[in-house]
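I have a structure here, written as structure tokens, and I will follow up with some questions on it.
Each chain gets a letter, A, B, C and D, in the order it is written, and its residues are counted from 1.
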């Protein structure tokens, strides 16, 4: 098990997301550093996938830019290694299972450990298939971050009870992408999760404004923002890091307000 | 019964064909007269039909020109009436049965009698259907000219025995149009016909040169030329009569040679 | 096999009700027609021929075709119970195959090695090419050059099946010119060649023969309905082009006077317009294409151009037995316009998930009108003569949808 | 009707041979998948459901499909006796209908009012729209914008059947993007909606369920061959895209060890070229589209573009049971190139008068190769998964014939 859970202790976490190698190696490294500088608690680095079934258009487009840059799984590791020279911010990978499977579960987890990557978010691996990788991940102290959705129903209990690191609470139905409305039973859902586990929760999928971030951070232990940041990268390209850092700071303070509101 | 048979008495008959109202009224009248002047024994006047299934492209095209000129069945009668003012050459109609049927068998035959039209060649009326019209035709002294084909086989006898006027011997299989080869059993076919009847025979379908006309006239009692004359009309239009007359003369002498050859 | 090729003298044949039918074709073809007649009448009751025909209908044409209870249509229309006789489910997708199987088998027994046929839009040509492929016979199809240009897909389909397609360039280069060309070909090479007639039209024995081969439709539907409902239908409805699917759909019910028979003609832009193919309603008696029957013609007896959205129904004549049934009042004939047929094309797709031939949709459109006027204990059997895949593009265009495949 | 909508906890499901299959989809969809699983397992042995399914297969899909003895091919190839299982004669012209009937019936029992599906060239979309029309359900079909532009005819055909077609404009606007869009739609509106899977792929229970509904193919062929030849076939051949017609063709023979099972994949320009869809021969183990199976992918696990002349076979994966049968050696999988399939398309048209789907012609091409190596007392059953009318234009183009309808 990693030290991810500890981050949430008495602290509302902000977890931003970037796609590796979008639009290129150096910019991604700089973006990771900018996110850390801007106040991210955990940086989620997306490994591009040819067919990202859980992702909306913004992240699909980022994946395509990364493929144009020639991204390989190896490239992603090198980006993290390069970032590690400038920051020790906790990092998790968001990756579709096939990437990990093809690399080899053991080799992949070992690599994560070596790079100081604490966890994996695998959107196409439900509870039923977690045994494929969890024993291996455990061996290297890597958390497999489970997702819980508004539709999870009777499944919440077993998923929550088996969780480690943190729990990715899906804010709404469908796929990633900016949204203005969320599932209105999120508060109850988080409460139900809490009744089964102490593992912290972070809400993601569609959050994109400071106000939304604050709202979500009031409900859960943390908030994840993906498409909004990827969108900045799409707009600014190599000039993204500065804007990313500014945006991160604005979210950081919104999340901190939620923290204060609660305290 | 008409006096058609008598024409063939000791005389090889030449029977040319024109399509009524091709390309216009006056030209057709002039063509009929020219044919008579040129030495035709009988003039066959075609009544245009929308769907001339027994005719080849040359006659089909002539029918279309006649329709362009606005031909009606009534027009054809008027053309013959006009020609009758200048010639008393024997005339037969070539017509598809529907034209006669729609006009009314009785009215049509009566009209023929009034115009001095001696017979009808109806390519889509086989022996089996002759009773539709023969009793009516008989009443007005009109001959229904039967056709006998190389494929007629066992049918030759009954067709020949029922014939009056003359017998149209089809030179070859298929439809009208200029040909360079004919059924090579024509001599035997004519002989067979002769064994059943005294009604004279005329060979038609595809004959178009004086040489062919001579050959055919040697075999049968007469020869019919259609497409070759219609073709002249197609080429010369209003100027056709002169050329038609010249052509008729050339055939006339060829046929006469056959006559002499036999004598 | 008996000696079938010997032709023998025939008497006046194929005259219905002292009026319609008969034989009106050039003498050149008469001997051949006698042979076909003789072969047909010798073979049709021959147990070996019957067995072979039966086997082909079952194991090649995919018969019996379904008698389908159209529950959604029945409920939506709220009147008579509607059954659809599904000729669209036959191999090659239409009733045409029943007939070409029969004629090709006859040709085989006559020792013929070559089938010829004319085709308009290509349906009958494709069916003929199909059976020629199965029988390993040569096949030549005549099609107006205008039509081969418009229907390149069917042109290629026939060639794919091994047929030689001749684009006919005489006259107006459409169906009538193809008919001429085919007759010419038949006349000049009848030895070894069988002319496959596409509908219940032409000189005797074709109308009788095509009826015989298509009667399987009504023989089956009668049995099937008996099994399902233990009764006869109150009405049988079928579209009429030349009339083969309709006469096949009616045949076994003609003697059942209580079964109403309705033939549906293509009214095109309207029965009273000039753009129509409603032969029985608008036509008059004439003699054409080998038969005495009803034709769309002018007062001089010149055959009129016809029009229908449906290529399979735009024929200026109709089979002589239909003319007879109409005259005797045994069957009723009604016209359905292009617009009504297209609406029915959409209706049956949406209600039943069936894309039916636009020809067949003329019959469906009539069912839509008549069923609500009937009571719930009455039954209509409507023949779906073919499937409509071939029509999807042109109906889309008719509806103003831009389709360029 | 039982209370089917109640989801219950499931254990690890749908794993074949400890390896392939499983469930690899977003958590958002798992509860819905459990409901489908529960309903399927409850209903599949329910006599009422069985009766309804049976009735639809007989009276709507037009089953049983013919087991056709291909005499001409048999004689020409000079080896094994060839039977063709004629799924092309089903209503809508392919095996797809067996499966959509089953799933739609399940949806109906689950109280669903809306069917959604993704489609590539449009075949599965048309089948789904058809059954939605019959059941009076809403239907939404997702199709890449590139594909809706290329396949306007199928687009219109689905709309004709009452479906709403969504052209998907994200990504490269092809099948994979349509899959994403459909999953998104399902995830965001699973209440009341049933996702109709088009082949024996995806997360458990879809592969099992699609196999179950397609097994009717082999159940019938076994009985039919028994009746005709009183024996089992020596070999069963079927083309493999996702694998539904093949698994359905194999199902009832899997335990008959003496029956050789051969799945024919689309090799495109060659199994060893980059333009291929020969997943089993060229692919490697991966996890994608909800299942662990074999996929065409690079060494990083990125899914490769696939290619085949046949729209129905160009899928980068294959159903997990095929991966298993291949691994265990129970079935053999071979590749057939575009050229070979096109040649077979022409061959079967000319020999048997059957215009078969280009997908199915991959299987036919293999039969052409293997039959001559077998003895005359051996029997091959080859599934013709669909009819080829949809392919005539594109094959003509492939052969350089100019077709612009």
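Assume contacts are C-beta pairs under 8 Å (C-beta built on N, C-alpha and C of every residue); 3 or more make two chains touch, one makes a residue touch a chain.
Predicted, not measured: the structure shown is a model, and the values here were computed from it.
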Going by the contact rule set out at the top, which chains touch both chain B and chain D?
C
Counting only C-alpha atoms to place each centre, which chain is farthest from chain D?
B
Here the gap between chain B and chain C, centre to centre from mean Cα coordinates and rounded to Å, is 37
What's the distance between the Cα centroids of chain A and chain C, rounded to whole Å?
67
Two or more partner chains touched - positions in chain A:
none
Going by the contact rule already set, what residues in chain C reach two or more other chains?
none
Is the way these chains touch best called a line, a ring, a star, complete, or other?
line
Following the definition at the start, I'd like every touching pair of chains, please.
A-D, B-C, C-D
Where on chain D is chain A touching in the complex?
7-10, 12-13, 22-32, 170-171, 176, 179-180, 183-184, 187-190, 284-290, 295, 297, 299-303
Interfacial residue positions of chain B with respect to chain C in the complex
49-57, 60, 64, 67, 72-73, 96-103, 123-129, 131, 146-155, 158-159, 170, 172-175
For chain C, which residues count as touching chain D in their complex?
59-60, 62, 66, 68-69, 72, 86, 89, 91-93, 129-134, 136, 152-153, 156-157, 160-162, 345-346, 349-355, 389-390, 392-393, 395-396, 401-405
